[in-house]
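Multiple structures are listed underneath, in C-alpha cells.
Shared between the two complexes below is chain A, which has chain B as its partner in the first and chain C in the second.
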Partner chain A sequence: MSAPVTVESKPAPPPVEKIKVKVDGREVEVPKTTPDWLGKPQPTTMLQACAHAGVDVPHYCYHHKLPVAGNCRMCLVEFGTPVIDPATKKPVINEDGSTKIARSVLPYEPGTPRGAIACATPISPGMELYPGSPATAQMREAVLESLLINHPLDCPICDQAGECKLQEYSVQHGQSASSFVEAKVHKPKSVDLGPRIVLDDERCILCTRCIRFTKDIANDDALGIINRGSYNTIAAAPGRQFDNNYTLNTVDLCPVGALTSKDFRFKMRVWFLKETKSICPGCATGCNIVIGSRENSIYRLEPRENDAVNGPWMCDTGRLDYKWVGASDRLREVRIAGKPSTWATALREISVRLGGVKPGSLAIIGSARLTTEELYLLKQLGRKFEAITDVVEHSGEADRLLVHAEKAPNYAGARLTGMAFTEAGINLPQIRAGIESGAIKSVIAFGEDLVSTGLSVELLSKLSLLIVSDVVSTATTPLAHYLLPGCAYAEKRGTFINAKGRVQKFMKAVEAPGDARPEWEFLHELVHQVTGSNGYSTIEGLFNSMAKELPPLSGLEWSRLGDTGVTITL
Partner chain B sequence: MSTKIVDRKPLSFFENSYLPTLVSGLKVTWKHFKKSAIQGKPLTMEYPEQKWVVPQGYRGAPYLVKDQDNNTKCVSCQLCEFVCPPKAIRITPPGPNGAPADRKNAEKSPAEFEINMLRCIFCGLCQEVCPEEAIFLQKDYSLTGESREEMVYGKARLLQLGGIHGGIQKWKHKLEEAKEQEVFPVHAE
Partner chain C sequence: MPQEYRLILKNADKAGYTPDIECYLRHGGYEALRKALATPGRDLPDGKKQTSQEVIRDEVLKSGLRGRGGAGFSCGLKWSFVDRRSGKPIYLICNADESEPGTFKDRQILHKDPHQLIEGMIISCWANDVKLAYIYVRGEFPQAAKIINQALKEARANGFLGKNILGSGVDLEIHLHRGAGAYICGEETGLIESLEGKRPYPRIKPPYFPAVLGLYMCPTIVNNVETLCAVRHIVTMGAAEYAKLGTPNNTGTRIVSLSGDVQRPGYYEVEVGKATLGELIHHENFGQGLRPGRSIRAIIPGGSSSKVLKAGEKFKLKRKGADGQMTTVDVDLLDLPYDFDSLQAAGTMSGSGAIIVLDDTRSPVDVLANLSEFYAHESCGQCTPCREGALWMSKALHRLSHGEGRKADANYLLHIAQNIQGRTICAFGEAAAWPTLSFVKKFKADFEARGAADEAAYPGNGTGKLPTQH
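And then the complex of A and B:
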C-alpha cells in the first residue's frame, strides 16, 4: 500500500491559508489546500469548495480516498473568474464597485457556457462557482443522458437498486426519455470476475473507481478496461481472477450495480436492511462497520468510515464472517450439569458455590472477544477470589493495510482491565499446572474452548467446579457444570479497544437466540451477588463506573465515545 | 387562506312543514315497490346461489400472472412487499444459489411469494408499483378458508389463480437484441 490508511489524531495543525470564493453568489472562505487521498495537501478543488458551502456536486468517478480520474464528467460546474487588466495586473472593477467576472465559455462559441470538472479543477481567489445555474443543470442532464445510453435499466433485478447513484441522480437531473433511438450495445452480464465478485458489464459507467482502488489501495493491479468505444468493458488481467482480501470494497465503491457481491447477490433488497453501527470482531484493528439486518437475520456487513481506524475500507475476511451469528450451533439454553435449567437457578447456585471457593483455588480464563465491560466484571470476580486470570491468544497473519496479527478485537481491553498481562496466554501453563497439582479446583471460562487451548478433557473433569459461558457449542461446553449461553457482538452493546488504543462502542443489531443473554448482564448480577458491590444494570452506567476506576479510561463517558471512538494512551 | 361564509337560505313555512321531503321520499319508495312487487323484478340477489357480475376495474384479490410463453413474470424486486400498506406480501428472494428464472435473461425470480389474504386490503398498490406487470388485482372478492395458514397464498397457488397476462416481454427482446449484436461484423444498412 502506498498510503497509510490510518491517520492518528494529532494536535491542531498550523492555521492554513484561506481564500475567498463565491458559490452561487454566497461568499465562502475555504482553505487554500485540502489533503488528497494520500493525505498530502493539494490545492482545494471546486468540488471541495462547494462542499464547504454545503452544496453537493453530483459525481461518479471522484472518491475522496482515491486518486482523481476526472472521467465521468458528472461534476461539471459552470464558473467565472475575475477579469485581470493586462496592463496593471489588477482585477477590473465594475461601475458599481464589484469585481468584473468573466463567465467560462466555449472558446469557439463565446455565447455558450463551458463547465469545468469540479473534482479536478483547483479554485483561485475571487472565483465564482455556479453549481445551481441553469447551464450547470443542463450539463448534468446531458452527461447523465450520455451515461445512460447503453445502460440496461434493469433496476428490478439489480442488487444496487436503492443505493445506486445512477438512480439518485436520475431522480434529480434525469429526463424520462432518451434522445437515442438506436439499439443499446449489449455487453456480457453476470461475469465471474473473482471468487467474491460478479460483474455486469452493461451496467458499468466506466468510472474506474474499482481499477484505481485495486491498483493504488490494495496494491493488486488486477483490473483494467478492454475493447474500444461503446464496447469498453472492465475485465481482470488475462488468465487472472480478481482475488485479493479487499475485493469487496469495490462493490461499495461501484456507484452503479456493475460490481456486486456474490455473497449478497439476490439475497435482500437494500431498503429493507436496518443499519446498525458496530465494530468488526475479526482482529485487533477494530474496523468500524455497519450491520445490515432485517427481522433478526444479518444480511451483510459494510465498512463505516473512520479515518483513525480503517478509512472507508474493510477486508473481505471480516466482511464475510457474520454467518456464525445466526448459525444453528448457537447455545440457546442454560444448562446445569448438562440438564436444561433457568438463569435464576443457575446464577443462585453459582454464587453459593463460589462462596465456598478458597482464595487462590480459582482460575478465570476470559476471551479477547469479550467486551471491555465484561472483562472488567470478570476481573472483579477474580479479585474477590484472588484468582489467576488470563485470556487465550489467537494470532495469525497480518497484512500492511488493515489485517492485524491478533485475531480478536479486544486484547488491549484485556490488558487494560488486568485480565491478561503483557502477552495474552502466558498464565495458561501455570493454570494447567495448578489443575494438575490440584491447587486449582474451580475454573470460570468465558468465550473460549479450553480443550483446544491444551487443557485436556481428563484434566477438566478433575475440577470440582467448571463454569463455562460461550456463544457456540465447543468441546468444552459438554463438560461444564454450569453452561451459560452468551451473545455474539451483534446481539449486545459494549466497547472494544483496538491495538492502537481506540475505545469504540458497538450497538445491538439482532436479538440473541433462545435464552442467551449478554455476558455483561449476567456477570454484573453475579458480581453483585458474590462481592456485594453495586451492579450496574445499564451498559452506560457500567462503562462510566469502569472508566472512573481504570486510569487509562479516566474522563471517558459512554456518551463521549461517539460513533467513531476515542483514542487513549495504553 | 381566506374563508368565504355562505349564508344559509332560511326555510319557508311550507318547507318547514316537512311535507315536500316526505313526498319526495315516498316517491322513491313507490318506484321500488312498483318495480319489485308489481312488475316482479327483485332488487336483491340470492347470494351465493346467484353470483354478482363484477364490473370492469373492480379491485379483487391480487394474483401473480405468467407471460404468453408461460413464464413467471415476477423478478423478486420486492417493491410490492415494500409498498404493501398492511404488510400482506412476503417474498423470499432466490439468494446467490437460487434456481434461475424461467426467462433466461431475467436472472432472478422469487424462491417463494406469499400473500396473506387475511391482511390484504385489495388496495392495488402492488399492481401499481410492479415494474414487471407481474401482479394484478383480479375479480375474486370472496376468499374463504378453514385456517389462517390456508389463507396465506403461496407462489404456486397465486400463479395458478392468476393465469396468463401477455405483455411486451422486455427481457426476451433484450436477449434477442443482444444475440443480433453477436453477429460480427455488424451489418451496415
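And then the complex of A and C:
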C-alpha cells in the first residue's frame, strides 16, 4: 500500500493592497502599507507616496532607519482630501466628473494653506499631494530661513561642505537672502563629545537623528538636549563620554556639519574624494562600505547601505581600521632568501622547487583575510601536492548589532573552498607535529604570521622550503625563503563570503605599494605553472570558473553579484 | 444682573472652609462618588444596554461639558475616543500644569478644595475603567503639591482610593507628579513625555493620539483640573440640570481669571456666556471697571496665547432668533458674551478663561515684547519654526521697545509669525504666533511709530547692533 500523496498547495501571498493618490496632479498607485524603520508594515506616508511618484520631499530629521521625529518641518507638504457628502458618505463629484478636493487650510484661517509633515502623515484614498505647489515651496523656504538665522554660515571651513543638506536644500528650496537682522545665538563650538566625535552646536539644526540613533539603534542613552527653545543644545549626559562602538554613524547621519569625525575633520574636502564600493574586512559580518580616497590615499570609510548585512551602519572599529593600508611598514618587494628579487624569478624558482616536493610533505596555511578566489587557488595548489591546509582562527568579542566574533571577513570562503574545515585552525597542531617530526618539510603561508600562531622561529627554521606572502612585515617574513608582497583589500578586487553566506564583491580603491601584487594574480600564475591548468587572467573569469566548480556557488557569476551581493546556502 | 454662579468654587472661599477631608465630608464630599458607584445600568430605547459606567460617560457627553484647559473640546467626546479594546490599561491624567499667563483658576481648587478634584477624578477614572491616574502639578506650585499629596493620603485612609473603593470592588490609585517648571508640559503629549521622565517634547499626531497611544503607549485621558471638578457636579446634578447652566453649546460654569488694568482683578465663577466681556470688566460684581480716567485699549480674552481684541472692534455673530432662524448681528467688543463660541466667532478664543485688560497707558509694542519673551523662553525647541521664530520675534520686539525699531519691523514680525502658525507639532506654535499676528495687525500704527532707528544699522545680514540677550 502506497502512502497517500499529498500535494501541498501553498496559499498565494495576499495581494498588496494599493491606494490611489495624486502627486502634483499625477495619479500613482502605492502600497497601502510600507515597512517602517523596524521593518514593520505601517500606513504608507505622504513622503513614501511621493517617492513612488519619483518626487523627493526634502527632509532633515526623517531617516528611514530611525523612529520618526517630525521636528524639522522641512517635509511639510500641502495636500488635499476628497470632499465627502455627509448625507451619502460618498465623495462629491465636480461637474467635470472629477472628485471634489478640499485643499488643506488652517482651521482658524481658512484662506491660508496648511501643510502636513510628509514623513509622518499617512495617505488616504483619493488624497492629493502638492509637493510642487507654491504653498509647499513657501513652507520650505520659511523653514530654511529659520534654520539659517542662527547658523554660523561657516561653509568655507566646514567638513560637511559639499555633502551638507543645508547647502543642498538652500540651493533647491531656499532664498538668496535672509530678512534676519538680529544678533545670532551663540552656542558651544568644538565640543569634545567623546574619543572620536567633535560637536559644533552652532551648526546643529537639532534634528535629533544622533540622539535617536544612539538611543534606539546603539542602545546608549549618552546623548540628549539641554536648555530650551532657540538655546537647545545637543550634549552628552553629564559626566559621560559619547563612546560606544557606533558613534561615528552619527557623523554620517548628521545632515549638517555639527558632528564631525576627529579622524577625518579638516583632512580633505569631500568633493575631491573618489568613492569605491568595498567590504569591511574587520570581521565576518562583512559590512558594505565606501572607501573615500584621493591620490592613492584613503581618507575615510563610510557604511554603504545593505539591508541583508549592515543596514546603513558600521562599527567605529571597522571604520577606523584603514591606516595600515597606507602604512610605511608595508611589504613592497619580492625577496628570495632575504634579498630583493623579481616576480618572474621568484615564481619560476618556486614552481621548480614545488615540483620536487614529496606528496604529503607540504602544508599550506592561508588566511580568512584572503579573498574567496585566492583561497580557491591555494586549495588547488594544495590538491596538486596533497598538502595539509588550514586557515588561522582570529576570534574575539561579538556585540548585538554588527560586530561578529570571527575577526576576519572570509571564514565562510575558507570553509567553502576547503582550505579550512568546520573550525578554522584545527589542523594547525597536526602541521606543527609534522614539522617537528620532519614529515612536513615545506610550508606555504599566506596572510598570516606563523610565529604568532605558535610555530616558533626555531621550528620554522627546520623547513627546507618556506614561502610567505603577506602585506606587512611580521615575525615570520624574515624567515621566508620566498617572500611575496600581497595586497590589502582596498588594493584589489575579489569576494568575501560573510558568516551568513552573503557573497559580496569589492572593488579596488588604491594602488598597492611598490611591487606588491594582488595574491590571486600571482597565485593564478603559480597554479598555471605547477599544474598546467588553464587559468583566467581576470577576476571575473576566475570567479566564474570557481563558481562552476564549487557547488554552493553554482549558478553564480561575478556580474550577478551586484553591489550588495548574493546569499548562498552554506 | 450679571453675577457669579459658584458651583466649583461654592465652598472654597467660605470662612472656615479648609482643604482637609473632614471639612470636605461635612460639606457633602464624596457623595457624588457614592452616587456614581451606585448608578444602575440602563436600557436604551433602541434595545441596547448601558453599563453604569457607560451611563456616567453618557451623562458627561450630554452635559455638554467642554474642556476648561484651553481648547474647549467636548469632554464626553474626548472620553469616547479612548481605545477600550486594546487590552492595555487606560490611564487618566489630571493636567494641573496651569501656566498660561493670566490664568489662576486651577490653583484656587488645588489650594482650597483638593478633595473636589480627587472626587471628580475618582468618578472619571471609574467611568473610564482607569486603575491608575496621575495629577501633573506644575513645578511652580509647591504648596499645591503638598496640599494635594495630603488630600490623597486622606482619601486613601478613608477608603476612597486604593483597593476596593467603598466596598465597590473598584481599585484606583492616584499619584501626584511635579513638573520642573516648563509651560510646554501643559500640552498634553508634552505632559505625557514629561511624566514618562523624558524631555517634554510634544508628540506627533498622528500617530500618538493620547486616547490610543498615550502614557506608556497606552490609551490615556488628559483632563484639566476644572473639567474634572465639573464631572463631579454633573454626577450630582445630572446632565440635564448641568446643561441648563450657561448657554447652549457653552454649558456649565467656568472660572474666569480677570487681571490687568481693572479695579478688582480676581477669579470669578460664572455661567458660561451669561456675562459679557464688558460686564466682567466693568460690573460691580466683577472687575469694577478701570482706574479713574483710564479707558480700554485692548483685551486679551483667553490667556496670553489668544488673539488680542482691540477696543472699539465690532464682530458679526450668528444668533438664533425666537423663530429659530439664524441671523447675523453686529456685536461690540464689550457686548461679546464670554463663552467659547462667541470668542471664536470674534476671531479669538476664550482659551483658559483668563482675561487680561490693557488700558490706554499700555503700549501694544511693550506688551507684546513682554509676551514674546515668555514664548521665546518657553518654546521647547523641538520644531524649527517655533524654536527659531519665537526668539527671533522676541529679539525684534526687544529692539523695537528699546528705541532700535525699524519701519519695516511690523511686516518683519508678521513674516516671522506667519511662518510659525500651523507648522509645528503642537499648538504652542499658534500660542507664540497669535499674539504677534493680532497685536501687529491691529496696532500696526503703534509698531510703525517705533520704527525710528537708523535702517542702515540693520543691514539684513544678521550683523546688526546687538539687542540685550536674555
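By our rule, the second predicted complex is superposed on the first by the 556 of 570 C-alpha atoms of A that agree within 3 Å, B and C clash if a C-alpha of one lies under 4 Å from a C-alpha of the other, contacts with A are read in each partner's own complex, and residues count from 1 in each chain.
In this text, contacts are C-beta pairs under 8 Å (C-beta built on N, C-alpha and C of every residue); 3 or more make two chains touch, one makes a residue touch a chain.
All values derive from a computational prediction rather than experimental measurement.
In the superposition on chain A, A:S146 makes contact with chain C only, while chain B stays out of contact range. Of the two partner chains, chain B and chain C are each touched by A:K184. In the superposition on chain A, contact is made by A:A161 with chain B only, not with chain C.
Within the superposed three-chain model, A:V68 lies in touch with chain C and out of touch with chain B [touch as defined at top]. Of the two partner chains placed by the overlay, neither chain B nor chain C lies in contact with A:K18.
In the superposition on chain A, A:R269 makes contact with chain B only, not with chain C. Judged by the touch definition given at the top, the superposed model places A:T112 against chain C, while chain B stays out of reach. Of the two partner chains placed by the overlay, neither chain B nor chain C lies in contact with A:R383. More residues of chain A lie in touch with C than with the remaining chain of the pair chain B and chain C. Of the residues of chain A, those at positions 183-185 touch chain B in one of the two structures and chain C in the other. Residues 68-74, 76, 106, 108-109, 112, 114-115, 117, 120-122, 139, 142-143, 145-147, 149-150, 177-185, 205-206, 224-225, 227-232 of chain A are the ones touching chain C in the complex. Interface of chain C with chain A (complex): residues 182, 199, 201, 204, 206-207, 376-385, 387-392, 395-396, 399, 406, 412, 415, 419, 421-425, 430, 458-462, 464, 466-467, 469. Residue ranges of chain A in contact with chain B, taken from their complex: 152, 155-157, 161, 183-186, 189-190, 262-269, 271-272.
Those residues of chain B whose C-beta lies close enough to touch chain A in the complex are 75-79, 81-82, 93-96, 98, 105-108, 131-132, 174, 177-178, 180-181.
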